[in-house]
C-alpha cells in the first residue's frame, strides 16, 4: 500500500463506494449479454463510482477507465465477484496514483482469470451446488408440498449471496498479491481439486437424473423377463451411462454444438420408441 | 375476454422475464436465473397464480427432473429453461394441470421457440454492446447506462414476457385441442426425451472438466456410488470432497513444499495452512 | 439392617474402586478403568451381584450408550464414568432395575458428585506427589512407595468405595421416593441429555486431532459413511485404514525417499518396508 | 552396545528385571495421579530395580536416578510402554557405564515423546479401539445377553495386553535409535496417519452414538409430518452433526472446559425439551 | 451298448479336450481354457448334449461357484478345472442331474484324477520339448512342428478325452450305486469343501500380488466393501480403479516429473498424458 | 528405422506376415507346455515366417533364429501378445540387417518382460476380468437360463480378443523403445497400479465366493441363537476372511504347494464337519 499520509488527495475507496461496485457488478453482469462481448461494458458501468471519485477533474483518465473495462469479458458471475474484488483494489491503487501499477494490469488480470474461474465457477455452482440443493428440494416436494421450492429459494439465496460477498471481499483483500495465488502452482492445484470434485459429483448426478430404461422383454423359457431387470441385475444405470458418454463424445470429440446434439438425442428417442426399445 | 386468465398470463409472463438469465432485478442471476428461473420454483409460482399450489409444485417437480442438469456456460445453453419453465408449466396449469403435459410443453417450448428467441437476442445485443462501448470512449455516461441496461432490458422484456403471455392466453384452447389429436407415439417420444435431456447438460459440463480420458474414472466413480451403492447426492459430495482434498494434498507434496519440508515444524501448522488453502 | 443389601452395596463399592482410573490392581487401566470401569461391564457385574444378569446387562447397555465416547485425556474427564457406572447402575439394580432410571442416575451421579470427588482428589494428590519427590531426593525407598502407592490408594478407596456404598445402601429408599415426585419434564431432559452427552467426548477428541479446519473433511467423511451409507464401525475402520495408509504413502513420496528412488529396486522391497512402517 | 567382555561389572538387565520394570510401570502408572505431576514419580518406583542392580553401592547415582524420574510426566499409559521400553534400554546403558549417553537423555526422551504419544495413544485406544469393541459388544448384548460384556472383557484384555507388551519390547529393542524414528520425518508421517484414521472413525462414531432427534411436527396439507422424517430424507443425522460441531467449537475456539460444556449442553437439552423441539 | 450315451460321452470327452489349457484349436486359451473350460459354459454344453439345458446350466452354476477363483499360474493349477467341469457335470447330467452331485463329482475328479493326469503330462512333455529344441538347432522345420504341436496334441487328447469319455460311459452305473451307499457325512464334507476351495485360488493370487503385509489393507478394503457394504463386484472394480489411479498419480509426483513440473503448462496436458499412461 | 530406399533386399514384414506371427503365437502358446520349458519352442514356430522371409538363403541365421526362440519362456499368454509384438518388430529389424540391434536383444527383452507381465496379466485376466464376467453371468443364469453362459462366451471372446490384438499392435509399434517404457520407473508405477487394483478386487472376490458358515448354536437364555447370525451381526464374512488369510499364510509363509494346501483344506472341512462346527 502506498503511504497514505504523504499526499492529501489519494483517498481509499469508502465502504459505500465498494458496496456500490459490488452491487453494480452483481446485479448488472449479464444485463446486455451478447455472444460478441458477453459481460463486456457492464464493467465500465460498475466502475463509474471509481471514475466519479478519482477522475472527476481528469476526463481523459475517466475515459481510459471506462474504455479499458468495455472489452469482451466472461466468467461465472457469482464466483466472479472475486475478480471484481481484485480489480476494485487495483483500480483504487491506480486512482490513488500508485505508479507501480500500470493501467493495463486490471485488463490482464481480468483476461487471465476469467477462463479458469468460469470453469471452476460453473462446475461448482451449476454442477454441484444447484443440482444438490434441487435434489434435496425435490425430495421435500414429493406429493406436491411447497416445502421443496421454499427450501431451495432460501438455501440458494443465502449460500449464493454469501459466496458473492466472500468472493468480493477476498479479492479486494488480496489485491495484486492475488495474481500469484490465482495463476501460480497453488491455483492449479485448487482448480484441479475442484475439477475432481466436479467430475465425481456430476458422475453421480448423471446416475440420478438421466432416466432411460428399455421396455424390451426377452423370453425366458415360457415366461418373459424385462431386459431392464436383467441389466439392473449386473449394472444398474447402464443405459444412462452409455447415453451420457455418447453425448459427451459428440460434444468433445465431434465438437457438435448443443442444438445439433439435441436433434441427435431427439432422433435417438424417436427411433428408440418406434422400434420399441425405449 | 377471460379476465382472470389475462391477469394470470400477465403474471406468468412477468415472472418469465424476472427469471431470465439477463434480467438484473432479482440480484442478478442469484435470485433471478438460479432461483426464479428453476422449474421447481416456477411450479410454486404458477401454483400460486393459478390457485393450486399442490398441482403447481407437482408440475414443477416433473419439469425440474428434466432440467436438473441444465447448464448455461459461455453464454450457450442447452435449453431455454425460463421459457420452458413458465411457458410449459404455465400452459399446463392453465389447462390440464397434468405434470406429464407440463413436461411435454416445457421441452417443446424450451427447445424450439425458447432457444430461437434466446439466440436471436444474444446475437442482436451486439448492437447495444457496440453503442455502449462507444459511449465509454466518449465518456457519455447516460449513453452507457441506456445501452448497457435500459434498452436491452426493454428488448428482453418484450421477447420474453410477451410471447409467454400470448402462449398462455391464446394457447390454452389450442393446447387443449392439440392434446386430443396428437398421436400417443409423439407423447411417448417426448417422455423418453425428457429422461434423455439431462445427459446434454452433464455432457457439456464433462466437456469443460474432463481433459484426459483417464479422468473418466472420477466420473464413473461418482456414477457407481449413486447407481450401485444407492448413496444420496449429499453423501457423494462429502466423499468427493475427501477425494479432492487428498488429491490437493498429494499434488502439494512435490515442488515448492519439498525443500522446506523439514522446516515445517508442527507448531507452524497454522501458517502453513494459510499458504496452502483455506 | 438389610444384610443382603449391605453386602451388595459393599461389593458394588469395591468394584467402583477397582474400576477407577487410578486403581492399579487390575493391571492398571487395562483391566481396571478400561474394562471394569465400562458401564457395559459394570452392568454385568451389578447383574451378578443383584442376581439378575439380564436386567443388569440391559442397564449397562443403556448407560454405555451414553458414555461410549467418554474420554479421559490429560487427566481431565468429561464425566466420572466409574461413579456413574456403579452408582447409577448399582442404584437402579437396587431399586427399579429400569434401564432408563439407570441412565438418569448415572448421568446425575457422574456429572455431579462424581466429577466433584474426582477433581478434589486430583488436586489433593499433589500433597503425596511432593512427598514422593522428596523421598526420591533422599533415597527413601519406603517413603516413595508409601507416598506414591499406599496412601493415595487408601484415599482413593475411601472417596470411591464409601460414597458408592452409601449411595446404594442408603439411597435405595430415597431414590424410590424421588422417582415418585420428580416431574416428567426432568426425566425427559435427562433422557435428551443422555443422547447429547457423547458429543462431548467426541468433541474433546476432535480438539486433540483436528489441527486445521479443512481436516473436518475426514470427520465428515466418517460421519457420512455411517449416517448415509449405513456401514458399521468395523467396516469404517477398514476404510479409514486404507485412506490413512494412502496418506502415509503419499507423504512418504517426497523428501528423503526421493533421491534414492531409483535405487529401490523391486527385490529390495522388503528392507524398504522396514524403513517405512511395519 | 558397549563391549561387554572388557569389564566384569556392567551386566545387561535380566529378563526378570525387565519384566519387573514393565509391570511396575504398567500397573502403577496412574496410582497417584494429580493435575500437578500426573504420572510423576511412578517412574522412580518403576526404575528401582535398575537402582538396585547398578547403584547398590553408589547412593548418589541412585538418588539421581530416582530424582530424574520424579518429574511431571503424562502420556497414554498403555501405548506409553513404548517410552518405558526405550528408557529401560537407556538406563541400562547408563547403568553399564556407557559414557556416550548422558543422564539427561532419558529425561529429554520422555519429555519429547510424551506429547505425541498421548495424542496418538488416546485416539487409537479411547477413540477407536474401545468404542469399536464396545459397539460390537453392545450389538451382542441386545436383549440382555451376557455375551456382550464377556466378549468385551476378553477382547480388550487380550488386545490391550498385547499392545503393552509389543510396545515395551519395540521400545527396548530400538533404544537410542528410536529417538530418530520417533521424532523425525517418519514419525510425523505415522502420527499423521493415525490422526487421519482417528478423525474418520470418530466421525463415524458421532453418527452412531449421538442421539438427538426433533419431535417437531410440521403441517403438510391436512396431515402433519415429523420434521425429523424430513431431515432424514436429505441429511440423516443432521442434528447430531450440528451438535457435535457446536460442542467442538465450544472447546476448540471458545476454549471452554468440559464442565462448562456440560452445563451448556444441559441447558440446550432443557431448553430444547421445554420449547418442545427435542 | 447304449448308443446315445456312447455319443454323448464322446462329445463331452471331445469338449474336455477342446477346453484344455494346452489345446490350441479354439484360438488358444481365449476360446478354449477361458471359455470352453469354465464350468458355467461346460454346464451349457452338457445341457445341450444331454438334452436339458436348464439342468445343465444349473449344474454349471453350482460347479462354477466352487471354481470361480480357480487360478492357473506359472503352469501350476490348484485344480484341473477342465476334468472337473466335464467329468463332474457330464457324469451328473448322465445320472441324477442334481447340481449338488455335480459339485461333488467335479471336486472329486478335479482334485484327484484331474491333477494327477495334468501333472504327469506336464512332466512328460519335457520329452517333446527337447526334441523340438533339437529340431530348431538342426533347422528341421517338420520336426519342430511335429514335436511342438502334433505329438503333444495327440497325447493330450488321449489323456483328456478318453478318460472323461470312459468316466461317463462306464461311470454312470457306478456313480448311481455309489450315491446310494456313500455316508451323508462325506457329502457334507464335500459340500463344505466346495465353499472352502475358492480360498485357494485367491490365496495363490494374493501370494503373487501382496509383497508387504501392510498391503493386506487393500485386500481387506475390497473384502469389506463387498461383505459389509453389499456392493457388487462391478461397482468394486470401479472403486478400485479410482484408488489405483490415485496411487498411480501419487507415485508420479516424485522423481522425474518433479523438475519440469513448472514447464507442464495447462495446454500441454495432452502430450503429458501420453508420457504418463494412456 | 533404417533407410529402406538404399538397399533392395531389406523389406519390412507385410501385414499378412505379421498376422501370421500374431496368430501362431496366440493359438499355439501353450500347445506343448511342460514344467521344464513352458511355452518354450512355440516361439520358434511363431517366427518361422520371419525365417522364411529373411533367411531363406542363410540357413545359419535361420537356425540361430529358431534356436534363440526355443528356450524357456513363460508369461500370461493373452496379454503376452505385447511381448510378441515387440519381438516381431525387433526380429524385423534384425532381419532387415539393422546392425544396431544385436541378436541377443529379443532374448533379453523376452526374459525381462515375462515375469512382470505374468504377474499383471494373471491378476487382470484371471483375477479381475474372468471372475467379474463370471459373476455377472452367474447372476443372469439364476434359475437355469442359458443367458448367463451365452453372455460370458460373447463378452469374454470379444474382450480377450481385443486385448490380444491391442497388445500385439502396441508392442509392434513401440518396438525397441518399449523396453524403456516397460522396465523403467513408469512401468513400476503401472505395475503397482494394477497390483492395487488386483488386491482390492480379489478382496471383494473372496467375500463373494468363499462360502463358509458355522452351524454352531449357542444358548441364549432358554432359546438358542446361531453363532453365524451373531458373527454376521458384527463382522459378516469373518470366517471366509480368516480362511483365506490362513490359506495365504500357508502359501506365502509356509511355502506350501497347492496340493498340500488342498489336503489341509480338506482336513479342515472334514474336521469342521465332524465336530459339528461347519
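The first chain written gets the first letter, and so on, giving A, B, C, D, E and F; residue counts start at 1 in each chain.
Definition applied: a contact is a pair of C-beta atoms (placed from the backbone, for glycine too) under 8 Å apart; a residue touches a chain by one contact, two chains touch by 3 or more.
The structure presented is a predicted model; accordingly, all values stated were derived computationally and were not measured.
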Neighbouring chains common to chain A and chain B, by label: D, E
Fraction-based call for chain F against chain A, same above half, different below: different
Length of the line joining the C-alpha centres of chain C and chain D, rounded to whole Å: 12
Gap in Å, rounded to a whole number, between the CA centres of chain D and chain A: 47
Distance from chain E to chain A - Cα centre to Cα centre, in angstrom: 53
Contacts with 2+ other chains: residues of chain E: 54, 218, 220-221, 223-225, 228-229, 231-232, 234, 239, 241, 243, 245-247, 250-251, 253-255, 258, 261-262, 277
Residue numbers of chain F (touch at least two other chains): 136, 143, 145, 185, 188, 221, 234-235
Which pairs of chains touch, using the document's own definition: A-B, A-D, A-E, A-F, B-C, B-D, B-E, C-D, C-E, C-F, D-F, E-F
Partner chain A, residues of chain E touching it in the complex: 54, 232, 234, 261-262, 266
Chain E-touching residues of chain F, taken from the complex the two chains share: 26-38, 40-42, 44-45, 48, 59, 62-63, 66-67, 69-70, 74, 77-78, 118-119, 122-123, 125-128, 130-132, 134-138, 141-146, 148-150, 152-153, 156-157, 160-161, 164, 185-186, 188-190, 192-213, 235-237, 240-241, 243-245, 247-248, 250-252, 257-259, 261-262, 265-266, 268-270, 272-274, 278
Contact footprint of chain D on chain F as seen in their complex: 218, 220-221, 230, 233-235
Complex interface listing, chain D residues touching chain B: 185, 188, 221, 234-235
Contact set on chain E toward chain B in their complex: 229, 231-232, 234-235, 238-239, 241-242, 245-246, 249-250, 253-254, 257-258, 261-262, 269-270, 273, 277-278
